[in-house]
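Below, each structure is written out as structure tokens.
Here come two complexes built around chain A, the first alongside chain B, the second alongside chain C.
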Partner chain A sequence: MTLQTSATAPSIPRAVIGVIVNNALVLALITVFAIFSLASPTFLTIANLQSILVNNFTLLAIVAIAMTFAVSVGGIDLSVGTAVDFASFAFVSLVLAGQPVAVAALAGLGAGAAVGAFNAVLISGIGISPFLATLGTLFIGRSIQQLLTNGGNPVYLPPSGIPEAFRFLGRGAIAGIPVPLILAAITILGATVILTRARFGRVALAIGIQTSVVRYSGIAARAHVAVAFILAGLIAAVAGLILSATVTVYIPSSGSAFLLNAIGATFIGTTLSRLGRPNIPGTVLGVLLLGIVANGLLLTGLNFYWQQVGTGLLIFAVLALSFITRRKASA
Partner chain B sequence: MTSIIDETAPPVPRSANTSAATSTWLADLGTTLRSGAVFILLAALLIGFSTAEPAFANLGNLMSILQAVAVVAILGAGVTVTLAVGGFDLSIGAIAASSVMAASYAMIVWGLDTYATVPLVLAFGALIGLVNAFLIVRLKVPDLLATLSMMFLLSGLQLIPTAGRSISAGLILPNGTTASGAYDPAFLLIGRASLFGIVPVSVVLMALVAIALFVLTERTRIGRLLFATGGNEIATRLAGASTARLKTLAYVISGTLAALGGIVVAARVGRGDVSSGGSLLMDAVAAALIGFTVLGKRRPNVLGTIVGAVFVGVLLNGLTMLNAPYYTQDFVKGAVLVGALALTYGTGRSTSS
Partner chain C sequence: MSVDIQLAPVIHFEPGAQSFKPSRGGNLAASALRAGSLLAFVAILFVFSLTAPYFLSVGNIGNVLGQSAISGILAIGLTVVLIAGGSNVVTGGIDLSLAANMGLSAAVYATTVQLGYGDAAAVAAALVTGFLIGVVNAAAVVGAGIVPLLATLAVMNIVAGLELVLTQNTVIPASTPLLTALSSSGPLGIPALAYVLLVFTLIAAAIVQYTPAGLRLYAVGEFPDAARAAGLPVRRLVASAFIASGLCGGFAGVLSVSNLSGSTTGSGEMLLPVVVTALLGSVFSRRLVPTVIGTLLSTLFVGFLVNGFQLLNISSVLVSGVQGLLILLVVSATTLLRRQEA
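Let's turn to the complex of A and B:
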């Protein structure tokens, strides 16, 4: 009898902790959501929730997915912002030069992929570690943009010369859903399929866990790493197209604003996921979490710099929570 | 967590078992060239710039180059130590920027003098380093993530005491009162004075930091254990060393040096500018990475970091003198970084990815 109670008693809290560990990210999201709903009357309105999705979610989600590909092969891409900028520059410049929007958009995607390919050469070709290689790309990319724009002048599209398709990409809507949001959804779905259903995704994640095993199994690990970085550049380019179509201007080095939040979202998703490895749903929830915090802090009337403090504290809190619950669960 | 430095890259000495004596000789020459590449390039740059622009070679300009790189070199030395234990500190730029604000706040709002401000700010940096270490060592948070959130936190927190304003004498505080203090003239000497009228104090500080950390990392048992921790943490722990303490030491050194860098910036600028310290992180990291190639070490080393910082400083100063636009600077930094990395990792590696 006493034996039985001592055996079953700890299993109930353990089950509770298990639930918390397995759903830490969703629980964190619900908590933050509830706090802001109580703190600000305007937070829980349709208009504000839409604004979170459009302003705080779409672009960062796409860039963070690009980052997730680089992290999935055990790397990191500090130049995602560079790919955003190069795509934006090519897109806006070609539209300004009178090229069809479709051609300009393809060129933009190509420019982003080229940044990824440059990283791929440094990482898979020469063998430089991803962090260092993409740091170099970040520096060089920033300077190339300044050279192209005479020291950093924005490239504006005149209000009269904006093609309809360009405007549609940034501000349009299909059945009431903003086009950027639809593109983000397509990116999320596509990335999920590639990482979880395709052979490439399985190999990529295996490389992230143990490169040598993959190589000894006769799989070309380097080629897969290269593809992951080119994909990262290509996906970031999608964000670049949407960004420039929304604001109808290219501002040099504006993409680097996404970098730290993209890293934050990806690692929140990785750390708090059940499997502890990079995954698209985790990244997307991480972006939502960051977006809700940024929006909520703004609504509660705090200064903009509290947003940064909030983001930092949030990442701390989430990580500490994850660590404590994990240790209890395994104890 | 991904490791920043690919530890699988072994230093591959060119083996001397080829039969032909000439090829060994060539291989030796190749090794020598590679390990001395940065010095040879540096010499070439100095000669090239001096011939193109005679004003480049005068002592005043050379000292101004050193003064310009002093802060980056001091922060870079800290980066070197965290790289040595296999970690990474993304918060150094933010620590330096907060230290600029903290030093200004201490003097202008609290009216402290130099002898109270400097220890206070250094203690602040050490404390942040300790918090980083706690997160990384005790809570097992991945190093990039812990220091990244610290960076966010600091860059927001530093603005709060003054509600986002820069700090200079006569600052109006958020509660409406005017700050009464001012920058201590003795404090400004740290950034502006020169020893014997030739060597700037900041360059002296850089040299002291370089010597102290060189001795610590290359000549003491602790230094060897720091590198051992970065090489194989578990083996080091099993060998009886406290890797937790070693990593804590590394982050505390990194935080303190970042604060010292901030003090030098504050003393040079003479006010608490909210935007200072923006590019310090990337520049310091770049200097530390360029340092890998110096003397063919292929690992973080303090001497290399200082040489790396000076190398970039010479290049930028020379280009500026030759009227290159300011925006070529990042390109040069990036190209040097990639070149140095290709030199470190590209040659002598057969299998990798």
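Let's turn to the complex of A and C:
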């Protein structure tokens, strides 16, 4: 069936299809953006666009970048939420115990990296598939958090005992730009440099495409996979710090809320990119797409429950359209 | 072709006989692991029965079976998708919409009952719901060519949203003769749900393990290119696996209403435990592939663990941790044995 259409199709639409396939994600973003701009007068205001970035973008972008590192070596990290939670727990508990914010923040990053290191041992050391290894970590992490909090009680910071630096991290701004957004931007830039400019990134992507070739070229593939998972834990920990600094509380297992959206954004970015490889710009655009859809549907005044249906339908439509055009183009 | 020949003599309930006669060196490790995991199963039952005398009573075993019915049926649905989709979870077979499917089907069932329809109509409505979700998944994966992980993730969001729209995030109570029958006890004082699970498993195992269509599912999942070259309708088989999984979700939805005497929210919580159960199931099979009986055993394994913890008054907080450790132990053992074998 596909053969026939491609044989009879004139060459110009074919070129058009090629353009669509190569820029699927950007086109999807523009379309969704245009639709919401027309549907709601408040969508295209500075205040709202800023709200998208702060509320719908920052945290998910960081977690999705963590996920992208795991996906770049051909894996997946179901425990990114666990790293978010562990970082948040260490951060809030130490600040509550009166430790300096910098020390607490470092401990938080360390806790996230430790989750990543645990995954690295399972995946690179024992050789368990990343999906199962990180699934195990997710379950164990859930139990550990409940044990640490007497069955799942949140850890609150008393409003009077919040250090200035802690508040600044969550709600502060430099030159009018919210600190969390700046941290997200730094993470995006850093991750882009690591994945595209550093040798590590090239090896990581090569492992994701063809592990055996990398191994035969005498490169320590396992060590690179291990580093990718530790980086994933570390980056997710940044989101954990921002999350707890924003809400000034640690709620056990709250990080798991990011998991499915992070997977969605990363794989949307991967599959809709030109080469079909994990890449930071793709992930970021994927997060933006999810954020714009969530914000736009909110503005349309649709019932809250219908918003979830709408989000699902829109993502589904984007995926279906891009996969179908891609198939047409390659046929 | 050799695929079918290897797969045909899968015999499930003779672990001893199998493990003592390894026909090839490669089978030794697999048999050892399979025997090992069955041994671990028996050992856990033994320890619990020593420490909690009530544990091995007929009543308690029936309870565990009954409580495992819903997750077991969902896990069997997922097993069918795993078989047809292959072992790679990211690009291969996975159905993330199963738990949400169960939630929506339960809500549809309860709503239909609330509207004054009888059991037959309500069950039909729930099954049609599950079926339609399966059709959408199948169309997305086979028709549009979306990776199953992404396709079923999007469908999961849609379905979970529809459940919220239908229930407005509240409990919809329902009580019908069918629900009363399902939540009552059958012969030997064992919950009716336990019998439902056993009968369902036997039927599913008969279809998946012993019919030509079932064996073709394995061929499609393990060697898609070979299956295509052999002229198997690969697309149709994969599509039907997703539809079967959707139907399992609908059926589990009806059962969940009986369990909680109404449709309740929070079905999404079931997703990861069900994924774990289905993936663990392959350890209980001779060739370490997903099988229906293997999935039943792994469901019961988890069920007995949770139940034993409750009887021993061990905090329920540990349950998810032990489940996690279990996955890691079992999977590390599998991986290490496979490595030796290679």
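We take it that the second predicted complex is superposed on the first by the 320 of 331 C-alpha atoms of A that agree within 3 Å, B and C clash if a C-alpha of one lies under 4 Å from a C-alpha of the other, contacts with A are read in each partner's own complex, and residues count from 1 in each chain.
Criterion: contacts are C-beta pairs under 8 Å (C-beta built on N, C-alpha and C of every residue); 3 or more make two chains touch, one makes a residue touch a chain.
Given the structure is predicted, the values throughout are model-derived calculations rather than measurements.
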Quiz item: Quick one: chain B and chain C on chain A, clash or fit?
Solution: clash
Quiz prompt | Partner chain(s) touched by A:S124 [first = chain B, second = chain C, both, neither] | solution = first
Quiz item: First (chain B), second (chain C), both or neither: which does A:G312 touch?
Solution: both
Exercise. Applying the touch criterion given at the start, work out whether A:F139 contacts chain B, chain C, both or neither, answering first, second, both or neither.
Key: both
Practice problem: Please indicate which partner A:Y216 is in contact with in the superposed arrangement: first for chain B, second for chain C, both, or neither. | Solution: neither
Quiz item: So, does A:A320 touch the first partner chain B, the second partner chain C, both, or neither?
Solution: both
Practice problem: Go through the superposed model and pick first if A:V225 touches only chain B, second if only chain C, both, or neither. | Solution: first
Exercise. State which residues of chain A lie in both footprints, the one left by chain B and the one left by chain C.
Key: 76, 122, 126-129, 131-133, 135-144, 146-147, 151-152, 260, 263-264, 267, 271, 303, 305-313, 315-316, 319-320, 323
Quiz item: What part of chain C is in contact with chain A in the complex they form?
Solution: 89-90, 96, 140, 144-147, 149-151, 153-162, 164-165, 168-169, 272, 275-276, 279, 315, 317-325, 327-328, 331-332, 335-336, 339
Quiz prompt | Touch list for chain A against partner chain B, complex | solution = 71, 74-76, 122, 124, 126-133, 135-144, 146-147, 151-152, 207-208, 211, 215, 221-222, 225, 260, 263-264, 267, 271, 303, 305-313, 315-316, 319-320, 323
Quiz item: What residues on chain B touch chain A, complex-wise?
Solution: 2-6, 9, 135, 139-142, 144-146, 148-157, 159-160, 163-164, 282, 285-286, 289, 325-335, 337-338, 341-342, 345-346, 349, 351-353
Exercise. Show which residues of chain A lie in contact with chain C when the two form their complex.
Key: 76, 78, 122, 126-129, 131-133, 135-144, 146-147, 151-152, 260, 263-264, 267-268, 271, 303-313, 315-316, 319-320, 323-324, 326-327
